[in-house]
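Structures incoming, each one as C-alpha cells.
The two complexes that follow have chain A in common; it is paired with chain B in the first and with chain C in the second.
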Partner chain A sequence: MNYKAVIIGGSAGSFQVVTKILASLPENYPLSVFLCLHRLKHIRSGFVEALSIKAKMPVEEPIDKEPIKNGKIYLAPANYHMYVELGNKFALSTEEPINHSRPSIDLSFESVAYNYKKKIVGIILSGANRDGAMGLKALKDAGGTAIVQDPKECQVPTMTTASINATNVDYILKTDEIIKFLLNLR
Partner chain B sequence: MINNIGIVDTRKIIKAINETYNYDFSNYALTSFKHRLIKFFNNNNYNSLDNFIEKIYEKKFPFDDFINQILIDTTEMFRTPSFWREMRDHYLPQLVSSRDFKIWLPHITSGDDLFTLEIILYELGLSNNARITVTSMSEKRIEKIKTGGIYNIKKMEVGTANYKRYAGKSQLSNYYTVQNNSAYMDTSLLKNVNFQKHIITQDKPLSGFKLVIFQNHMIYFNQSLEDKVASSIIDSLVAGGIFAIGSGESLEYSTVMNKIKLIDKFEKIYKKKLS
Partner chain C sequence: MVTDEDILKLISTIKVVSTYNFTNYSEKSFKRRVEKLLIDYKTDVNGLISKVSNDKEFLEQIIKDITVNTTELFRNPEIWITLKYRILPKFKKNKSIFIWHAGCSSGQEIYSMLILLNELELFDKAKIFASDINTKMLENAKRGEYKYRFNLGYLDNFDKVIKENPYNYDEYKDVPYTKYFDIDKAKDTIMMKKFLRDKPVYRKHDLVNDGNIFYSKFDIILCRNVIIYFNNKLQNSVIELFSNNLYRNGYLVLGAHESILGSVANNFERTKGLYKKKPV
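The block that comes next holds the complex of A and B.
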C-alpha cells in the first residue's frame, strides 16, 4: 500500500461531485477519506446524513483526538478546522477562518501533508474561492500526489484554477477519471 | 517571514519559555501551537529562530504579548446557539434555584463566553443570583475584558446572527456600544464577576463550583494535558456539578470518565458523579 489516505477539498457547490465519488468507493475501501468542504457554519447536523445516503463507507464527523481509522470517511465539522495530529489522531481548532473559511481546506491539507508526506492523495474540486490552492501546494511539496478536477467540468472554476496555478499538479481529471484513479489505489 | 517551524525547533522554543518564565506549553496540541508561534514570530520581525530563542533566554522578549497572542480568541458570542438554549431552558434556572450558585469560566481568552452567559442570566433575571469566577493566564486579557472586550464590528455581526438563532429576548446591539468601529460590551453585565489570574494547566484547582463552562479549549491540549485539566476542573466542581465542553470535543478518550457522566451527547454536557 503506497497511500494512507485521500483528502478532498471543495465548496458547497461540489456536493454532487463528492457524492458521486463517495458512491463509487466500495464498502471495504482500504484508505481513509478526509473531506474538507465549505459549509454553513451554524448547521451542525444533516450533512453527514446526506453523504451517508450515497456513500458505502461509513461517514462521520470526527471529534477532537479521535484516532483515525482506515476505511472511513471523515467530514470536517461545521465551524472547526480539522487537522491530522501526531499519533494519527484528529485535532479540531477554532483558530481564525482562512479565506473566510472554517473549516479551511488549506489548513487541513497542510496538516495532512506534514504528517503523511508522500502517502497522501489530495484532490481539489470545484469551488468559488482560493482556499485549497496553498494546501495543495504544501501537499505536493511534501511528496503527495496532487489532483485537481478539470476546471472545464466545474461550474465555478476559481478554486481549481488557483490550485493549478499554485503548484505543478500531477493530474487534472474529470470526475469519472478521479473515481477510476481512486479505485486503482486499492 | 517563515512558513513553518519544525518539531525540533518548536520543542526548543517551548523549553526556553518554560526555563525562563515557568509557563509550560510542552503538552499543547502541536499543529495549532505551531500556527501561533509562526504568527507571533512573523508579527514581531525576528530574523531567525536562534535569535528568537536567544531573546527568550535573555528576557528581551515581550512575554505578556506572547501569552496574549498565544491564546486563541477567535470564538464567537453565542457560538453553538443550541447549547446556550439548553443552558437557558434547563441548566441555569435549575442550578440558580439552589443557594450559593458559583460558576467558573476557566482559561478565558476573548470574553465571548462570559458575555454570552451574562446576557442569558440577565434575560432570565438571574444576574444577582450567580457568582461567576473568570480566570485567565493573561492579565492583559483580563484587563481587556473588564473594559468591555473591544471587539471589531465584523465579530459583532457574527454574534448578532448567532443571538438570533439562539432566540434571545432582545437584540445583541442592546448590550454594546460602538466607538471608532469597535464594539464595547456593557460592563455593567459584569457586576457578579470575580476575575483572577490562574493558569488552568498548572495551577491548583479552585473549589465549590456548580457549573464550569470550558468550551473549545481542550482542543488546544494534547491528551495528557487534557486529562490533567479535566481532572482539575472536576475537582473544582461540587458533586452533581455540571461540566460543559465544545461540540467538537469529547472526554471519552480521557482518564476522567469514571468521575463524570455524559448527560447530553449532542451538546457535550457532563455531570460530576455523587461519589
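The block that comes next holds the complex of A and C.
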C-alpha cells in the first residue's frame, strides 16, 4: 500500500462526519492525518479540544516548521493556510483567503500532492463552496488516491459535486466505506 | 505552472539587482506569491525577470506584493491580555520601555500597543520603534488610517482587551473609541489620533540582511506572523538577532503558531505564549 498520509477537506458542516472518521481510527494508526476544515467565523478555538474527545490519535494544530510525525492528526489552524514543505515539515501562512477560505483546502491539497505524489489519500467531504475541487484534482494528477464523500449523503453537496466534476476520482464513498478504506491502509 | 527552476532564477535575479534575498524564504508560500504575481501582472517568469532587472520602481512594487501583509487591531486578544496583566506592569518602575515592532506591516499592531500602553499609564516612558521591509507599508502605518468595515470585527478585540477584565468580570472600563481613533462610517475609515501617530520611530529594515538599526536594546520585541515566511535557517538567524538585542528578562512576542525550533531556543524561557530572554 505504502501511503504516508491522509488529507481530509470539508467545511464546518462536515464536523460530525470528521468526528466519526477520527473516532474509528485506532490509537496506533500508522499514517499522519491532515485536516483542513473551514470554520465558522465565531468559532475559532475549541476545535482541537472537541476533536480530541472523540479521536484516539493525538490531535494538534501544527506550529510553523514543525516536523510531521506519523500517527498524529494535524488540524489546519483557524486563519492560517497550511502547507507541507520539503523535509516533511509544516509551513503556515496568513496570505489572503482563497475562495473566501483560510485555511484553503485547495492550497493544502496541492502542497501535499507535490510532496507525497502517489503516497497520499485525499478525501473531500460535505461543504458549501467549491474550495477543494482544484486541490483534489492536483492530488489525483500527482498520482494520489482521490476519494469524495457520496454527495447523496452530504447536507451540502457543493464541494463534493465540484470535486467529482473537476477530476476523475477513484472512489465515491459513504462515511462507513471511507472508514473501512482508511482502516485497510494499515 | 511555475517550476522550481523558475523560482531559483527569479530569486537569483532579484539578488543580483537589489539587496533583497529570498533564498531562505519558505518555498511553498513564496512560489504561491509568485504564481499570483504572474496572474495579476499578466506575464510569465521571464517577463517578470526582465522587468525586475530594468525597473527599480517595479521591483519595489513586487517586493510589496511578494511579502504578506496581514495584521489586525489586537490580533489574538489573549496575547494582549497577557501583555496587559502579566508583562507590561513589570515595567512600571523602569524609566523607559523600549519596544520594537519588527515587520510591522500596515501598523495595526503598533496602535494596539500604543493604546494599551496609554491605558496602563506607560505611554510617556515608552520608546516605540517600528520597521518593515516595505517603505509603502511603513507609509500606511504612519498614516494610521484603516478601512472601517474591514476592521469592524476587530473592535470586539478592543473591547476584550481594553474594556473587559477576564480575571474579574465585574470590572468594566468604558473607554470610548474616540479616545484613540475617529470613525467615519460614510468615508469607511478609522483614523488613529495624532498623539498615537506621532509616537513611533519608523525605519525600513530587512530582517534578512540588516542588524539592529535602532542603536538601542529592547525590553519587548514583537514579530508576529513574519518568520512563517522564512525557512528554519533564516528563522534561527532572525531569532538570534532578536536574542542579541533584547535586554535580560526582555520579551519576544511571536505569532500564535510560531515558535523557536533551533538551539537559540535555549536563550529563552517560554512563558504564557511569549518568550522571555534568560539572564545569561
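Note that in this section the second predicted complex is superposed on the first by the 180 of 186 C-alpha atoms of A that agree within 3 Å, B and C clash if a C-alpha of one lies under 4 Å from a C-alpha of the other, contacts with A are read in each partner's own complex, and residues count from 1 in each chain.
Quick note on the criterion: contacts are C-beta pairs under 8 Å (C-beta built on N, C-alpha and C of every residue); 3 or more make two chains touch, one makes a residue touch a chain.
As the structure is a prediction and not an experimental result, all values here were calculated from the model.
Visitor: Report clash or fit for the pair chain B and chain C bound to chain A in the combined superposed model.
Guide: They clash: once the shared chain is superposed, the two partners overlap in space.
Visitor: Of the partners chain B and chain C, which touch A:G127 in the superposed model: first, second, both, neither?
Guide: A:G127 contacts neither chain B nor chain C.
Visitor: Which of the two partners, first being chain B and second being chain C, lies in contact with A:L86: first, second, both, or neither?
Guide: Once the two structures are laid over each other on A, A:L86 reaches both partners.
Visitor: Which holds for A:K65: it touches chain B only (first), chain C only (second), both, or neither?
Guide: After superposition on chain A, A:K65 lies in contact with both partners, chain B and chain C.
Visitor: Hey, what residues of chain A end up touching chain B and chain C alike?
Guide: Of chain A, residues 61, 63-66, 77, 80, 83, 85-86, 91-96, 111, 114 contact chain B in one complex and chain C in the other.
Visitor: Touching chain C in the complex: which residues of chain A?
Guide: 41, 61-66, 77, 80-81, 83-86, 89, 91-96, 107, 111, 114
Visitor: Going by the contact rule at the top, pick out the chain A residues touching chain B in the complex.
Guide: Touching chain B from chain A are residues 42, 44, 61, 63-66, 77, 79-80, 83, 85-86, 91-97, 111, 114.
Visitor: State the interface residues of chain B toward chain A in the complex, per the touch definition above.
Guide: It is residues 4, 29-32, 35, 72, 74-75, 79-82, 161-162, 165, 216, 218-220, 223, 226, 246-250, 252-253 of chain B that touch chain A.
Visitor: Could you please specify the touching residues of chain C with respect to chain A in the complex?
Guide: Chain C reaches chain A through residues 26-29, 32-33, 68, 70, 153, 225, 227-229, 231-232, 235, 255-259, 261.
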